[in-house]
Amino acid sequence: MRDVKRIEIVIDKPHEPAVLDVLRDLGLPGVTVMDVATGYGDRGARDGGELSDAMSNRYLLTTCTADQLPALTEAIEPLLHKYGGLCLISDAQLIRNA
Amino acid sequence: MRDVKRIEIVIDKPHEPAVLDVLRDLGLPGVTVMDVATGYGDRGARDGGELSDAMSNRYLLTTCTADQLPALTEAIEPLLHKYGGLCLISDAQLIRNA
Amino acid sequence: MRDVKRIEIVIDKPHEPAVLDVLRDLGLPGVTVMDVATGYGDRGARDGGELSDAMSNRYLLTTCTADQLPALTEAIEPLLHKYGGLCLISDAQLIRNA
Amino acid sequence: MDLLLSPPILFFFLGVLATMVKSDLEVPKPVARLLSLYLLMAIGLYGGYKLSASGLTGEALAVMGIAILASALMPLGTYAVLRLRLSNDDAAAIAAAFGSISAVTFITAVAFLQEADIPYSGYLVASMALMESPAIISGVLLARLAVSGSAKGEERSGIAGLDWRELGRESMLNGAVIVLVGSMVIGYATGEKGWAAVEPLMYDPFKGVLCLFLLDMGLIAAKRLGDLRRAGVFLISFGIVGAVVQGLIGVGVGWLLGLSHGDTLLLAILFGSASYIAVPAALRLALPAANPSLYIPLALAITFPFNIIVGIPMYHAIIRAISATPPT
Amino acid sequence: MDLLLSPPILFFFLGVLATMVKSDLEVPKPVARLLSLYLLMAIGLYGGYKLSASGLTGEALAVMGIAILASALMPLGTYAVLRLRLSNDDAAAIAAAFGSISAVTFITAVAFLQEADIPYSGYLVASMALMESPAIISGVLLARLAVSGSAKGEERSGIAGLDWRELGRESMLNGAVIVLVGSMVIGYATGEKGWAAVEPLMYDPFKGVLCLFLLDMGLIAAKRLGDLRRAGVFLISFGIVGAVVQGLIGVGVGWLLGLSHGDTLLLAILFGSASYIAVPAALRLALPAANPSLYIPLALAITFPFNIIVGIPMYHAIIRAISATPPT
Amino acid sequence: MDLLLSPPILFFFLGVLATMVKSDLEVPKPVARLLSLYLLMAIGLYGGYKLSASGLTGEALAVMGIAILASALMPLGTYAVLRLRLSNDDAAAIAAAFGSISAVTFITAVAFLQEADIPYSGYLVASMALMESPAIISGVLLARLAVSGSAKGEERSGIAGLDWRELGRESMLNGAVIVLVGSMVIGYATGEKGWAAVEPLMYDPFKGVLCLFLLDMGLIAAKRLGDLRRAGVFLISFGIVGAVVQGLIGVGVGWLLGLSHGDTLLLAILFGSASYIAVPAALRLALPAANPSLYIPLALAITFPFNIIVGIPMYHAIIRAISATPPT
């Protein structure tokens, strides 16, 4: 059981690959991605992607160490500025298989 | 990157609109809604809504400032008492576009 | 509004019942289960379970008291070692109906 | 027995079996939603089409009127009985579910009639559509009247604090009701030509889709059975006896009106079936204090299987028997 | 009016109605995806099959060439008009959507022709496939040219920093385009024999599936209407006037080429319809700064309903009228 | 080559292509589940119906018996070979997958026979159902025997700690197995009448649905190919050579038993195909230490495409060749 930073990212589904690239480049150990049903934010309401992914979001959950955090936020911030969405950072303890 | 209160709400899907109204009335900046596959609580097990939404839940994730929190909890609590479900509050840091 | 430990577990869908048994045995008050769209970890990428659940994950959210935590982690750890997945523990405050 | 050997019923058993043996078989939620959407559209379009052919006869209007009355009034009796053992809201909720109808039971009965080459009239589909909502309103009113003038200042309880517009919306604008009524109107309006356009999807594969849907119903019903452990003998026997009593009233009405064999059977099924889709969805909002783990499993895991396995052939036999002696 | 009384259109109205009355009716996302996947496959296979029968005539090649040009060039005009009121990226995005096509509108027009027993040629389906992407490229180029040489050092803006490979991918490899083109090629390659194998799924239930899909389109379109509150009169009227102007160009082209009634109608619909599936999906990547809550609702909630309710019968009448006087 | 020009195979290629070019095309999970559920029900019902017509002949029982044996015993040989390079659990898992069958490969072969108007017997479907589970049990036993008496006190490893009931459940009660067997029993029990009721859904659109499903299979198979980078030449060549060897055993058995051309081809496909649905689902529980990123991609991205593209026509040609010289 070790301390980690718990990272949540909500992003337009079309831009999810860009976020995943960032996580991989930083060598993060893993990620869990979930579909977002609906939501709203500065850019108005989002649908569930009935017709295309253009208006639908995805939710990503990942973890990193305290030292990895600055690099992560620095890499994510421009994406959020360009594409919208958000990133939530909180403290947690992680149990993993070894 | 600013400190926020991270709010999670699980509610019967039929009552989701009531919760969203509360969030809008409080002028919260946004929300992310996800489908709940299954779950159980005091009122027993829930299904995934195969036949109707009567027995299915939804998961809402939102954020607010420390000063908004009391108003939010005060507005949410009666809904939870009447309809069941839960609300989890934790501390987090938020990165948003501007 | 009371302090709780907020528990998140990601596990192969076929092993979800084993985890739910653990939670029930510990008498945890409830759980919320969500589908995982995709993800990756030490054992490589996971799909959304298009063909079977063999390669798909599920996400479980539950809560427990600080005293229940040791028993929970002790019961969950062997499952994670055997089956993979992860468990995240963080602090939160809970609002429930009563 | 022929009906028991029909694929749809056997797939229901297969679903029950799969749950019993803890198989991981599951029909994804969106698929279940698609199947019920299809079945409602198909039966609505067909009923409307048949109605456009036969026209709104006096018989049709009479039966439809009686159907509305039955849906609105039957809950009064069942509520009284259920109050003997249940809380006010639970009794009202179950009364509403049994006053309303189960479209899938009706559809299974239609498939039974098709197998047996027994004709039926389009206005029975209209009657089904008309029976969905009145029972919901009656149930809510019963629950409210009971607490009226009570000390509780809770704004929602009591007939006074009742939001009629809201109640109308919740009882009549449920998705299932909209699709059924809408499809019927469309089938009626477009008649022969419209039916020809949709028939290849909405009629031919109908029984096959019913197999898929009943497979899922079996899976779900068996899962829900567990919830009834807490329910007790009284409730479970009500799920059968209450249904049969209401079903026999339907047989009687059909007999008195001199309806055809098929129409009488469908009327019995409408009276004797209980809603586990439209009504629960509405009651979560209109009667949140009623426990869905009581009225849903009862309608879904007791009354529904009873009707498609025992009820349909039973009413079939009874109607054949009495049809020998028409009312004088 | 006959088309308005056709089941698909009526189901669209039903969907709109359900949203208006705040019903909880919804078509799950995966189902909506399945329905549009089916419709694209079905129309693609059928078009390819018809093309394999008729062969690639000179007329076919001419129309297909003109279709590509129209998709690429029409955005220039609309962009100029839209710039009067809109931001650079929004104007370019809307111009792209209107230069491209709406497969569902085309499919609804095909169903209309089938109802009226009016023949049409397979190469119109090919033209549809060919028109999806050029408008996207034009739109992006317009947006980039406008900012070229501007001070902004933002790497993505400006024609210089343009990643052509990426743009090609995003405009031509969208899922909807792949399925439509792929199905057409498969239908063409397998011809008579292949069509015989898929016809029971891909042709007979076609109109019925269209009913289901338009029901969902009605639900979604009505929901999106709200987004247009902020859009203003200019944009909303563009959604109709712009569409009609482009549609009439299509009628003119068909008339000059002496195309058949059915082919001219479909060409008008291709020119006059706006994309709310393929184009938005591509623009989220290629023009992220353009606001999807503008161009999607406009194409989906204004232009699409206008076309299937007013546009199709209107062009139908116009073509009948002018077809009396062929070009000399 | 005719089969390669059949729509289902071409849609598989389309799916592979879409993944290769990084298109965003995707078939939502619930839709994929619906399609495979449909295909299993359809083939099960049809096989059961044919069996009810032909009856359980001696030939039928013989082939079904041999099928069970083959599924149970083939893993012994393949396990021995795979142990040369792979861990104990991985070798056992792959042996189990190849001893079991791929329903979709079988269904594609059935579609091939229908195209070529080659008859086949219903008991081949029964054989498919019977072959799913024995290989799973064999695989698990092999893995356990290997570690039996080893120092590891881990309760699950070793034949001693084996929970037979559990293993039976996991190998025989997988959703896919239940639906296939259940549908076959229902088809058998309801015979002519039952088949007539479901045929419009379960037979006519069959090939069209197969197109949709193989499109998705192409998308998924191409995605999974990447996982095999780590797998190495040995495993990938086993995915082809191992399959062909087993397939040829099937041809031999069919030849010795003097089975018809169609039946022999299907037997070859059952022997030579590898499971990527039922077996992996069971092995996650029964052999959690086996790496699914090895045995799933191997069966899905190597053996499956090889069989539907090369295997089926190859066995077809071989059988035609040897059928000239019947066994004496």
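Note that the chains are named A, B, C, D, E and F in the order they appear, and that numbering of residues resets to 1 at the start of each chain.
Methods note: a residue touches a chain if its C-beta (ideal position, glycine included) is under 8 Å from a C-beta of that chain, and two chains touch if they have at least 3 such contacts.
Quantities reported herein were computed from a predicted structural model and do not represent experimental measurements.
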{"item": "Shared interface partners, meaning chains that touch chain A and chain E", "value": "none"}
{"item": "Path length in steps (a step moves to a chain that is touched) from chain A to chain C", "value": "1"}
{"item": "Chain separated most widely from chain D, comparing mean CA positions", "value": "A"}
{"item": "Interface residue overlap between copies chain B and chain C, same or different (over half shared)", "value": "different"}
{"item": "Distance-maximising chain from chain C - centres being C-alpha averages", "value": "E"}
{"item": "Inter-centroid spacing, chain D versus chain C (mean Cα positions, whole Å)", "value": "38"}
{"item": "Cα-centroid distance, chain C relative to chain F, in whole angstrom", "value": "33"}
{"item": "Centre distance in Å when chain B and chain F are each reduced to the mean of their C-alpha atoms", "value": "45"}
{"item": "Per-residue multi-chain contacts in chain E, two or more chains", "value": "24, 27-31, 33-34, 205, 281"}
{"item": "Residues of chain A touching at least two other chains", "value": "14, 34-35, 53, 82-83, 90-91"}
{"item": "All touching chain pairs, where touch follows the definition stated at the start", "value": "A-B, A-C, A-E, B-C, B-D, C-F, D-E, D-F, E-F"}
{"item": "Partner chain D, residues of chain F touching it in the complex", "value": "28-31, 33-34, 37-38, 41, 45, 169, 173-175, 178-179, 182-183, 186-187, 189-190, 193-194, 197-202, 205, 281"}
{"item": "Chain C - residues contacting chain B, complex", "value": "1, 4, 6, 29-35, 58, 61, 63, 90-98"}
{"item": "Residues on chain F engaged by chain E in the complex (per definition of touch)", "value": "5-7, 10-11, 14, 17-18, 21-31, 34, 111, 115, 204-205, 207-209, 211-212, 215"}
{"item": "Complex contacts: residues of chain A adjacent to chain B", "value": "8, 10, 34-42, 57, 59, 73, 76-77, 80-91"}
{"item": "Interfacial residue positions of chain B with respect to chain D in the complex", "value": "12, 14-15, 43-45, 47-55, 82-83"}
